[in-house]
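Chain IDs A, B and C follow the sequence of writing; residue 1 opens each chain.
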(Lines give C-alpha, C1' and ligand atoms only; values in the text may rest on other atoms or scores of the structure.)
Protein backbone atom coordinates (compact mmCIF):
# COMPACT_ATOMS: atom_id res chain seq x y z
CA UNK A 1 0.00 0.00 0.00
CA UNK A 2 1.34 3.40 -0.92
CA UNK A 3 0.37 6.76 0.55
CA UNK A 4 -1.65 9.09 -1.65
CA UNK A 5 0.45 11.58 -3.58
CA UNK A 6 -0.03 15.34 -3.52
CA UNK A 7 -1.78 15.05 -6.86
CA UNK A 8 -4.18 12.45 -5.48
CA UNK A 9 -4.93 14.47 -2.38
CA UNK A 10 -5.47 17.55 -4.54
CA UNK A 11 -7.89 15.60 -6.75
CA UNK A 12 -9.79 14.32 -3.71
CA UNK A 13 -10.16 17.83 -2.31
CA UNK A 14 -11.20 19.13 -5.73
CA UNK A 15 -13.94 16.50 -5.91
CA UNK A 16 -15.12 17.36 -2.40
CA UNK A 17 -15.25 21.08 -3.19
CA UNK A 18 -16.71 20.81 -6.69
CA UNK A 19 -13.52 22.33 -8.04
CA UNK A 20 -12.71 21.38 -11.65
CA UNK A 21 -9.06 20.38 -11.55
CA UNK A 22 -8.47 20.64 -15.25
CA UNK A 23 -9.88 24.12 -15.76
CA UNK A 24 -7.40 26.67 -16.91
CA UNK A 25 -7.56 29.77 -14.74
CA UNK A 26 -7.76 32.82 -16.95
CA UNK A 27 -7.27 36.41 -15.91
CA UNK A 28 -8.63 39.56 -17.40
CA UNK A 29 -6.28 42.46 -17.00
CA UNK A 30 -2.71 43.47 -17.64
CA UNK A 31 -1.19 41.30 -14.94
CA UNK A 32 -0.01 37.76 -14.33
CA UNK A 33 -1.44 34.91 -12.27
CA UNK A 34 2.05 33.73 -11.40
CA UNK A 35 5.49 35.37 -11.54
CA UNK A 36 8.77 33.55 -10.97
CA UNK A 37 12.04 35.02 -9.81
CA UNK A 38 14.63 32.32 -9.42
CA UNK A 39 12.94 29.74 -7.23
CA UNK A 40 10.58 32.30 -5.66
CA UNK A 41 7.05 32.11 -7.03
CA UNK A 42 4.41 34.80 -6.50
CA UNK A 43 0.71 33.95 -6.96
CA UNK A 44 -1.90 36.68 -7.54
CA UNK A 45 -4.77 37.19 -5.12
CA UNK A 46 -7.40 34.48 -5.55
CA UNK A 47 -11.10 34.79 -4.81
CA UNK A 48 -13.33 31.71 -4.40
CA UNK A 49 -14.29 31.42 -8.02
CA UNK A 50 -15.26 28.14 -9.63
CA UNK A 51 -15.53 28.50 -13.39
CA UNK A 52 -17.25 31.87 -13.77
CA UNK A 53 -19.01 31.95 -10.41
CA UNK A 54 -17.78 33.40 -7.15
CA UNK A 55 -19.16 30.69 -4.87
CA UNK A 56 -19.01 32.53 -1.55
CA UNK A 57 -19.92 36.21 -1.42
CA UNK A 58 -20.98 38.67 1.25
CA UNK A 59 -19.82 39.91 4.59
CA UNK A 60 -18.57 37.28 7.02
CA UNK A 61 -20.33 37.61 10.35
CA UNK A 62 -23.30 39.35 8.73
CA UNK A 63 -25.11 37.10 6.27
CA UNK A 64 -22.12 34.90 5.47
CA UNK A 65 -21.11 32.36 8.14
CA UNK A 66 -17.68 31.35 9.43
CA UNK A 67 -18.20 27.93 7.86
CA UNK A 68 -18.98 29.46 4.48
CA UNK A 69 -15.91 31.66 4.80
CA UNK A 70 -13.72 28.65 5.59
CA UNK A 71 -15.12 26.98 2.50
CA UNK A 72 -14.25 30.12 0.52
CA UNK A 73 -10.70 30.04 1.88
CA UNK A 74 -10.35 26.43 0.75
CA UNK A 75 -11.49 27.24 -2.77
CA UNK A 76 -9.04 30.18 -2.92
CA UNK A 77 -6.24 27.86 -1.79
CA UNK A 78 -7.22 25.27 -4.42
CA UNK A 79 -7.00 27.95 -7.10
CA UNK A 80 -3.56 28.98 -5.91
CA UNK A 81 -2.46 25.33 -5.98
CA UNK A 82 -3.91 24.87 -9.46
CA UNK A 83 -1.89 27.87 -10.65
CA UNK A 84 1.29 26.55 -9.05
CA UNK A 85 0.69 23.14 -10.62
CA UNK A 86 0.11 24.75 -14.02
CA UNK A 87 3.28 26.86 -13.69
CA UNK A 88 5.61 24.25 -12.20
CA UNK A 89 4.22 21.19 -13.95
CA UNK A 90 3.55 19.35 -10.71
CA UNK A 91 2.59 20.04 -7.12
CA UNK A 92 5.68 18.03 -6.22
CA UNK A 93 7.78 20.98 -7.35
CA UNK A 94 6.47 23.16 -4.51
CA UNK A 95 9.33 23.06 -2.03
CA UNK A 96 7.78 25.33 0.58
CA UNK A 97 4.99 27.87 0.94
CA UNK A 98 6.57 30.98 2.40
CA UNK A 99 3.82 33.55 2.88
CA UNK A 100 0.04 33.59 2.70
CA UNK A 101 -2.04 36.72 3.19
CA UNK A 102 -5.76 36.17 3.80
CA UNK A 103 -8.22 39.03 3.39
CA UNK A 104 -11.71 38.54 4.85
CA UNK A 105 -14.65 40.78 3.95
CA UNK A 106 -16.14 40.98 7.43
CA UNK A 107 -18.70 42.55 9.69
CA UNK A 108 -17.70 45.41 11.97
CA UNK A 109 -17.39 43.14 15.00
CA UNK A 110 -16.18 39.90 13.36
CA UNK A 111 -12.85 38.88 14.86
CA UNK A 112 -12.34 35.26 13.74
CA UNK A 113 -10.17 35.99 10.70
CA UNK A 114 -7.61 33.42 11.83
CA UNK A 115 -10.29 30.74 11.90
CA UNK A 116 -11.27 31.66 8.33
CA UNK A 117 -7.64 31.41 7.26
CA UNK A 118 -7.42 28.01 8.97
CA UNK A 119 -9.66 26.68 6.19
CA UNK A 120 -6.88 27.40 3.70
CA UNK A 121 -4.02 26.44 6.02
CA UNK A 122 -5.53 23.05 6.85
CA UNK A 123 -6.10 22.25 3.20
CA UNK A 124 -2.60 23.29 2.17
CA UNK A 125 -1.06 21.26 4.99
CA UNK A 126 -3.24 18.28 4.11
CA UNK A 127 -2.19 18.32 0.46
CA UNK A 128 1.44 19.45 0.71
CA UNK A 129 2.48 18.23 4.16
CA UNK A 130 5.01 20.41 5.96
CA UNK A 131 5.74 22.21 2.68
CA UNK A 132 2.24 23.67 3.04
CA UNK A 133 3.02 25.47 6.30
CA UNK A 134 3.51 29.13 5.36
CA UNK A 135 3.81 32.25 7.43
CA UNK A 136 0.43 33.91 7.53
CA UNK A 137 -1.28 37.26 7.92
CA UNK A 138 -5.07 37.47 8.27
CA UNK A 139 -6.96 40.74 8.19
CA UNK A 140 -10.55 41.94 7.92
CA UNK A 141 -11.22 44.22 4.97
CA UNK A 142 -14.19 46.34 3.97
CA UNK A 143 -14.89 44.85 0.56
CA UNK A 144 -13.31 42.54 -1.99
CA UNK A 145 -13.51 42.22 -5.78
CA UNK A 146 -16.88 40.85 -6.96
CA UNK A 147 -18.17 40.88 -3.36
CA UNK A 148 -16.03 37.81 -2.59
CA UNK A 149 -15.97 36.89 1.10
CA UNK A 150 -12.30 35.90 1.05
CA UNK A 151 -9.20 36.62 -1.03
CA UNK A 152 -5.76 35.13 -0.52
CA UNK A 153 -2.36 35.40 -2.14
CA UNK A 154 0.80 33.34 -1.78
CA UNK A 155 4.56 33.40 -2.10
CA UNK A 156 6.13 29.98 -2.53
CA UNK A 157 9.50 28.54 -3.34
CA UNK A 158 9.94 25.86 -5.93
CA UNK A 159 12.40 23.02 -6.29
CA UNK A 160 12.87 23.74 -10.00
CA UNK B 1 11.97 55.65 -36.97
CA UNK B 2 12.62 54.20 -33.53
CA UNK B 3 10.13 53.14 -30.93
CA UNK B 4 9.80 55.32 -27.85
CA UNK B 5 11.94 54.17 -24.92
CA UNK B 6 10.65 53.44 -21.43
CA UNK B 7 11.98 56.83 -20.37
CA UNK B 8 10.08 58.56 -23.16
CA UNK B 9 6.85 56.73 -22.40
CA UNK B 10 7.28 57.57 -18.70
CA UNK B 11 7.78 61.24 -19.57
CA UNK B 12 4.69 61.25 -21.78
CA UNK B 13 2.56 59.73 -19.02
CA UNK B 14 4.01 62.17 -16.49
CA UNK B 15 3.02 65.08 -18.71
CA UNK B 16 -0.48 63.67 -19.16
CA UNK B 17 -0.94 63.20 -15.41
CA UNK B 18 0.70 66.45 -14.27
CA UNK B 19 3.37 64.39 -12.53
CA UNK B 20 6.74 66.16 -12.13
CA UNK B 21 9.29 63.63 -13.34
CA UNK B 22 12.26 65.28 -11.73
CA UNK B 23 10.83 65.66 -8.24
CA UNK B 24 12.65 63.75 -5.57
CA UNK B 25 10.22 61.73 -3.48
CA UNK B 26 10.91 62.32 0.17
CA UNK B 27 9.56 60.34 3.08
CA UNK B 28 8.96 61.39 6.62
CA UNK B 29 9.49 58.56 9.04
CA UNK B 30 12.03 55.95 10.02
CA UNK B 31 11.61 53.81 6.95
CA UNK B 32 12.82 53.55 3.35
CA UNK B 33 11.13 54.21 0.04
CA UNK B 34 13.07 51.38 -1.57
CA UNK B 35 14.99 48.41 -0.18
CA UNK B 36 17.16 46.10 -2.26
CA UNK B 37 18.10 42.52 -1.49
CA UNK B 38 20.19 41.09 -4.28
CA UNK B 39 18.16 41.80 -7.39
CA UNK B 40 14.85 41.94 -5.49
CA UNK B 41 13.58 45.48 -4.97
CA UNK B 42 10.81 46.41 -2.53
CA UNK B 43 8.95 49.71 -2.95
CA UNK B 44 6.98 51.27 -0.07
CA UNK B 45 3.25 51.86 -0.33
CA UNK B 46 2.52 54.88 -2.54
CA UNK B 47 -0.48 57.15 -2.33
CA UNK B 48 -1.46 59.47 -5.22
CA UNK B 49 0.59 62.41 -4.07
CA UNK B 50 1.94 65.02 -6.47
CA UNK B 51 4.38 67.32 -4.72
CA UNK B 52 2.67 67.91 -1.37
CA UNK B 53 -0.90 67.26 -2.45
CA UNK B 54 -2.80 63.98 -2.38
CA UNK B 55 -4.64 64.45 -5.67
CA UNK B 56 -7.41 61.86 -5.21
CA UNK B 57 -9.01 61.44 -1.79
CA UNK B 58 -12.23 59.98 -0.44
CA UNK B 59 -14.18 56.79 -0.60
CA UNK B 60 -14.46 55.14 -4.00
CA UNK B 61 -18.07 54.42 -4.83
CA UNK B 62 -19.27 57.14 -2.47
CA UNK B 63 -18.13 60.58 -3.55
CA UNK B 64 -15.07 59.42 -5.46
CA UNK B 65 -15.67 57.78 -8.84
CA UNK B 66 -14.12 54.71 -10.45
CA UNK B 67 -12.48 57.00 -13.02
CA UNK B 68 -10.94 59.14 -10.28
CA UNK B 69 -9.72 56.00 -8.52
CA UNK B 70 -8.12 54.72 -11.74
CA UNK B 71 -6.39 58.09 -12.08
CA UNK B 72 -5.19 57.70 -8.47
CA UNK B 73 -3.83 54.24 -9.23
CA UNK B 74 -1.90 55.65 -12.19
CA UNK B 75 -0.32 58.36 -10.06
CA UNK B 76 0.64 55.77 -7.41
CA UNK B 77 2.24 53.65 -10.13
CA UNK B 78 4.14 56.66 -11.50
CA UNK B 79 5.52 57.32 -8.03
CA UNK B 80 6.65 53.72 -7.72
CA UNK B 81 8.33 53.95 -11.13
CA UNK B 82 10.00 57.24 -10.19
CA UNK B 83 11.42 55.57 -7.07
CA UNK B 84 12.68 52.59 -9.06
CA UNK B 85 14.27 54.92 -11.61
CA UNK B 86 15.92 56.92 -8.82
CA UNK B 87 17.20 53.73 -7.16
CA UNK B 88 18.31 51.83 -10.25
CA UNK B 89 19.44 54.76 -12.37
CA UNK B 90 17.14 53.87 -15.25
CA UNK B 91 13.76 52.28 -15.88
CA UNK B 92 15.65 49.98 -18.25
CA UNK B 93 17.07 48.23 -15.21
CA UNK B 94 13.63 46.93 -14.18
CA UNK B 95 13.75 43.33 -15.34
CA UNK B 96 10.29 42.33 -14.11
CA UNK B 97 7.59 43.52 -11.75
CA UNK B 98 6.79 40.58 -9.48
CA UNK B 99 4.02 41.67 -7.14
CA UNK B 100 1.66 44.62 -6.83
CA UNK B 101 -0.82 45.03 -4.01
CA UNK B 102 -3.54 47.64 -4.53
CA UNK B 103 -5.56 48.95 -1.59
CA UNK B 104 -8.74 50.87 -2.42
CA UNK B 105 -10.56 53.00 0.16
CA UNK B 106 -14.08 52.04 -0.86
CA UNK B 107 -17.76 52.19 -0.11
CA UNK B 108 -19.46 49.29 1.65
CA UNK B 109 -20.85 47.89 -1.60
CA UNK B 110 -18.09 48.86 -4.05
CA UNK B 111 -16.75 45.73 -5.75
CA UNK B 112 -14.72 47.02 -8.72
CA UNK B 113 -11.31 46.96 -7.03
CA UNK B 114 -9.82 45.08 -9.97
CA UNK B 115 -10.95 47.83 -12.34
CA UNK B 116 -9.25 50.41 -10.10
CA UNK B 117 -6.05 48.37 -10.12
CA UNK B 118 -6.28 48.15 -13.92
CA UNK B 119 -5.41 51.86 -13.99
CA UNK B 120 -2.00 51.01 -12.55
CA UNK B 121 -1.57 47.75 -14.47
CA UNK B 122 -2.29 49.34 -17.84
CA UNK B 123 0.15 52.17 -17.18
CA UNK B 124 2.91 49.82 -16.03
CA UNK B 125 2.40 47.57 -19.05
CA UNK B 126 2.34 50.57 -21.37
CA UNK B 127 5.64 51.92 -20.03
CA UNK B 128 7.54 48.71 -19.27
CA UNK B 129 6.05 46.24 -21.73
CA UNK B 130 5.86 42.64 -20.52
CA UNK B 131 8.24 43.52 -17.67
CA UNK B 132 5.35 45.54 -16.26
CA UNK B 133 3.06 42.53 -15.85
CA UNK B 134 3.13 41.68 -12.13
CA UNK B 135 1.07 39.35 -10.02
CA UNK B 136 -1.63 41.39 -8.34
CA UNK B 137 -3.85 41.51 -5.30
CA UNK B 138 -6.62 44.13 -5.03
CA UNK B 139 -8.62 44.68 -1.86
CA UNK B 140 -11.06 47.22 -0.46
CA UNK B 141 -9.94 48.83 2.79
CA UNK B 142 -11.70 51.10 5.28
CA UNK B 143 -9.31 54.04 5.21
CA UNK B 144 -5.87 55.00 3.92
CA UNK B 145 -3.21 57.49 5.03
CA UNK B 146 -4.22 61.11 4.40
CA UNK B 147 -7.64 59.96 3.17
CA UNK B 148 -6.04 58.73 -0.08
CA UNK B 149 -8.42 56.78 -2.31
CA UNK B 150 -5.75 54.29 -3.41
CA UNK B 151 -2.43 52.97 -2.14
CA UNK B 152 -0.17 50.48 -3.88
CA UNK B 153 3.13 48.79 -3.22
CA UNK B 154 5.45 46.77 -5.44
CA UNK B 155 8.10 44.09 -5.47
CA UNK B 156 10.29 44.11 -8.57
CA UNK B 157 13.42 42.43 -9.78
CA UNK B 158 16.25 44.39 -11.32
CA UNK B 159 18.81 43.54 -13.96
CA UNK B 160 21.58 45.17 -11.92
CA UNK C 1 32.42 52.80 27.63
CA UNK C 2 30.73 50.67 25.01
CA UNK C 3 27.48 51.34 23.22
CA UNK C 4 24.52 49.15 24.13
CA UNK C 5 24.08 46.14 21.87
CA UNK C 6 20.93 45.26 19.96
CA UNK C 7 20.19 42.68 22.64
CA UNK C 8 20.52 45.28 25.38
CA UNK C 9 18.34 47.79 23.59
CA UNK C 10 15.76 45.05 22.94
CA UNK C 11 15.79 44.15 26.65
CA UNK C 12 15.36 47.78 27.64
CA UNK C 13 12.37 48.20 25.32
CA UNK C 14 10.90 44.93 26.56
CA UNK C 15 11.12 46.17 30.14
CA UNK C 16 9.51 49.49 29.19
CA UNK C 17 6.64 47.76 27.38
CA UNK C 18 6.08 44.94 29.89
CA UNK C 19 7.08 42.47 27.19
CA UNK C 20 8.55 39.18 28.50
CA UNK C 21 11.68 38.65 26.45
CA UNK C 22 12.06 34.99 27.24
CA UNK C 23 8.55 33.91 26.39
CA UNK C 24 8.30 31.50 23.51
CA UNK C 25 5.72 32.69 21.02
CA UNK C 26 3.40 29.84 20.18
CA UNK C 27 0.93 29.69 17.33
CA UNK C 28 -2.25 27.76 17.01
CA UNK C 29 -2.95 26.72 13.44
CA UNK C 30 -1.35 24.97 10.53
CA UNK C 31 1.13 27.69 9.72
CA UNK C 32 4.57 28.98 10.75
CA UNK C 33 5.67 32.04 12.69
CA UNK C 34 8.78 32.31 10.56
CA UNK C 35 9.79 30.86 7.18
CA UNK C 36 13.27 31.09 5.69
CA UNK C 37 14.21 30.92 2.05
CA UNK C 38 17.93 31.39 1.62
CA UNK C 39 18.66 34.56 3.55
CA UNK C 40 15.12 35.90 3.16
CA UNK C 41 13.04 35.56 6.31
CA UNK C 42 9.24 35.97 6.42
CA UNK C 43 7.51 36.71 9.75
CA UNK C 44 3.78 36.05 10.22
CA UNK C 45 1.38 38.86 11.06
CA UNK C 46 1.74 39.88 14.71
CA UNK C 47 -0.94 41.39 16.90
CA UNK C 48 -0.08 43.19 20.17
CA UNK C 49 -0.30 40.14 22.38
CA UNK C 50 1.66 39.81 25.61
CA UNK C 51 1.42 36.27 26.96
CA UNK C 52 -2.25 35.42 26.36
CA UNK C 53 -3.63 38.96 26.34
CA UNK C 54 -4.11 41.28 23.39
CA UNK C 55 -3.08 44.48 25.14
CA UNK C 56 -4.54 47.02 22.70
CA UNK C 57 -7.93 46.34 21.14
CA UNK C 58 -10.63 48.38 19.46
CA UNK C 59 -11.00 50.84 16.66
CA UNK C 60 -8.32 53.53 16.42
CA UNK C 61 -9.89 56.96 16.25
CA UNK C 62 -13.06 55.70 17.97
CA UNK C 63 -12.39 54.50 21.48
CA UNK C 64 -8.73 53.64 20.95
CA UNK C 65 -6.31 56.56 20.72
CA UNK C 66 -3.38 57.19 18.39
CA UNK C 67 -1.04 56.83 21.36
CA UNK C 68 -2.53 53.45 22.26
CA UNK C 69 -2.22 52.36 18.65
CA UNK C 70 1.45 53.40 18.55
CA UNK C 71 1.98 51.36 21.71
CA UNK C 72 0.26 48.43 19.96
CA UNK C 73 2.57 48.82 16.94
CA UNK C 74 5.59 48.71 19.25
CA UNK C 75 4.41 45.49 20.89
CA UNK C 76 3.79 43.93 17.46
CA UNK C 77 7.31 44.92 16.40
CA UNK C 78 8.78 43.45 19.61
CA UNK C 79 7.03 40.16 18.87
CA UNK C 80 8.43 40.13 15.35
CA UNK C 81 11.92 40.80 16.73
CA UNK C 82 11.50 38.06 19.34
CA UNK C 83 10.62 35.62 16.57
CA UNK C 84 13.60 36.68 14.47
CA UNK C 85 15.87 36.31 17.49
CA UNK C 86 14.45 32.86 18.22
CA UNK C 87 14.91 31.81 14.58
CA UNK C 88 18.32 33.32 13.90
CA UNK C 89 19.84 32.90 17.34
CA UNK C 90 20.61 36.59 17.72
CA UNK C 91 19.26 39.96 16.65
CA UNK C 92 22.75 40.59 15.29
CA UNK C 93 21.95 38.20 12.46
CA UNK C 94 19.30 40.54 11.07
CA UNK C 95 21.10 42.15 8.15
CA UNK C 96 18.22 44.32 6.96
CA UNK C 97 14.47 44.66 7.33
CA UNK C 98 13.06 44.74 3.82
CA UNK C 99 9.30 45.15 4.10
CA UNK C 100 6.83 45.92 6.85
CA UNK C 101 3.08 46.03 6.32
CA UNK C 102 1.03 47.66 9.07
CA UNK C 103 -2.72 47.09 9.29
CA UNK C 104 -4.68 49.45 11.55
CA UNK C 105 -8.25 48.72 12.67
CA UNK C 106 -9.56 52.26 12.35
CA UNK C 107 -12.54 54.56 12.41
CA UNK C 108 -14.18 55.63 9.17
CA UNK C 109 -12.42 59.00 9.15
CA UNK C 110 -9.10 58.07 10.81
CA UNK C 111 -6.22 58.93 8.47
CA UNK C 112 -3.09 58.77 10.65
CA UNK C 113 -2.07 55.21 9.79
CA UNK C 114 1.49 56.35 9.06
CA UNK C 115 1.76 57.82 12.53
CA UNK C 116 0.61 54.49 14.01
CA UNK C 117 3.24 52.66 11.96
CA UNK C 118 5.86 55.14 13.17
CA UNK C 119 5.56 53.49 16.59
CA UNK C 120 6.95 50.29 15.10
CA UNK C 121 9.42 52.01 12.75
CA UNK C 122 10.96 54.11 15.53
CA UNK C 123 11.38 51.08 17.77
CA UNK C 124 12.93 48.97 15.00
CA UNK C 125 15.32 51.76 14.06
CA UNK C 126 16.20 52.33 17.71
CA UNK C 127 17.05 48.67 18.29
CA UNK C 128 18.54 47.68 14.93
CA UNK C 129 19.95 50.96 13.63
CA UNK C 130 19.87 51.39 9.86
CA UNK C 131 19.15 47.67 9.49
CA UNK C 132 15.75 48.47 11.00
CA UNK C 133 14.72 50.79 8.18
CA UNK C 134 12.31 48.77 6.01
CA UNK C 135 10.04 49.73 3.18
CA UNK C 136 6.58 50.21 4.59
CA UNK C 137 2.91 50.06 3.70
CA UNK C 138 0.26 51.27 6.16
CA UNK C 139 -3.45 50.76 5.61
CA UNK C 140 -6.67 51.06 7.58
CA UNK C 141 -8.68 47.86 7.79
CA UNK C 142 -12.17 47.08 9.07
CA UNK C 143 -11.31 44.49 11.70
CA UNK C 144 -8.39 42.39 12.88
CA UNK C 145 -8.08 39.02 14.62
CA UNK C 146 -9.18 39.15 18.28
CA UNK C 147 -10.23 42.79 17.85
CA UNK C 148 -6.56 43.84 17.85
CA UNK C 149 -6.01 47.49 16.98
CA UNK C 150 -2.87 46.82 14.94
CA UNK C 151 -1.29 43.91 13.07
CA UNK C 152 2.05 43.94 11.28
CA UNK C 153 4.15 41.52 9.29
CA UNK C 154 7.75 41.64 8.11
CA UNK C 155 10.17 40.40 5.50
CA UNK C 156 13.82 40.56 6.56
CA UNK C 157 17.15 39.38 5.28
CA UNK C 158 19.60 37.60 7.52
CA UNK C 159 23.36 37.45 7.58
CA UNK C 160 23.32 33.70 8.17
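We adopt the following convention: a residue touches a chain if its C-beta (ideal position, glycine included) is under 8 Å from a C-beta of that chain, and two chains touch if they have at least 3 such contacts.
Here the structure is a predicted model, which means the values were calculated and not measured.
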Could you work out how far chain B has to rotate to sit on chain C, using CA atoms and steps of 5 degrees?
120
Does the chain A and chain C pair touch with the same residues on each side or with different residues, judged by whether over half of the numbers are shared?
different
Rounded Å distance between chain A and chain C, as computed from the means of their C-alpha atoms:
26
Chain A residues touching 2+ other chains are 40, 101, 141-142, 155
Chain C residues within the chain B interface of the complex:
39-40, 96-101, 106-114, 117-118, 121-122, 124-125, 132-142, 155, 157
Chain C contacts chain A in the complex at 28-35, 37, 40, 42-45, 101, 103, 105, 141-147, 151, 153, 155
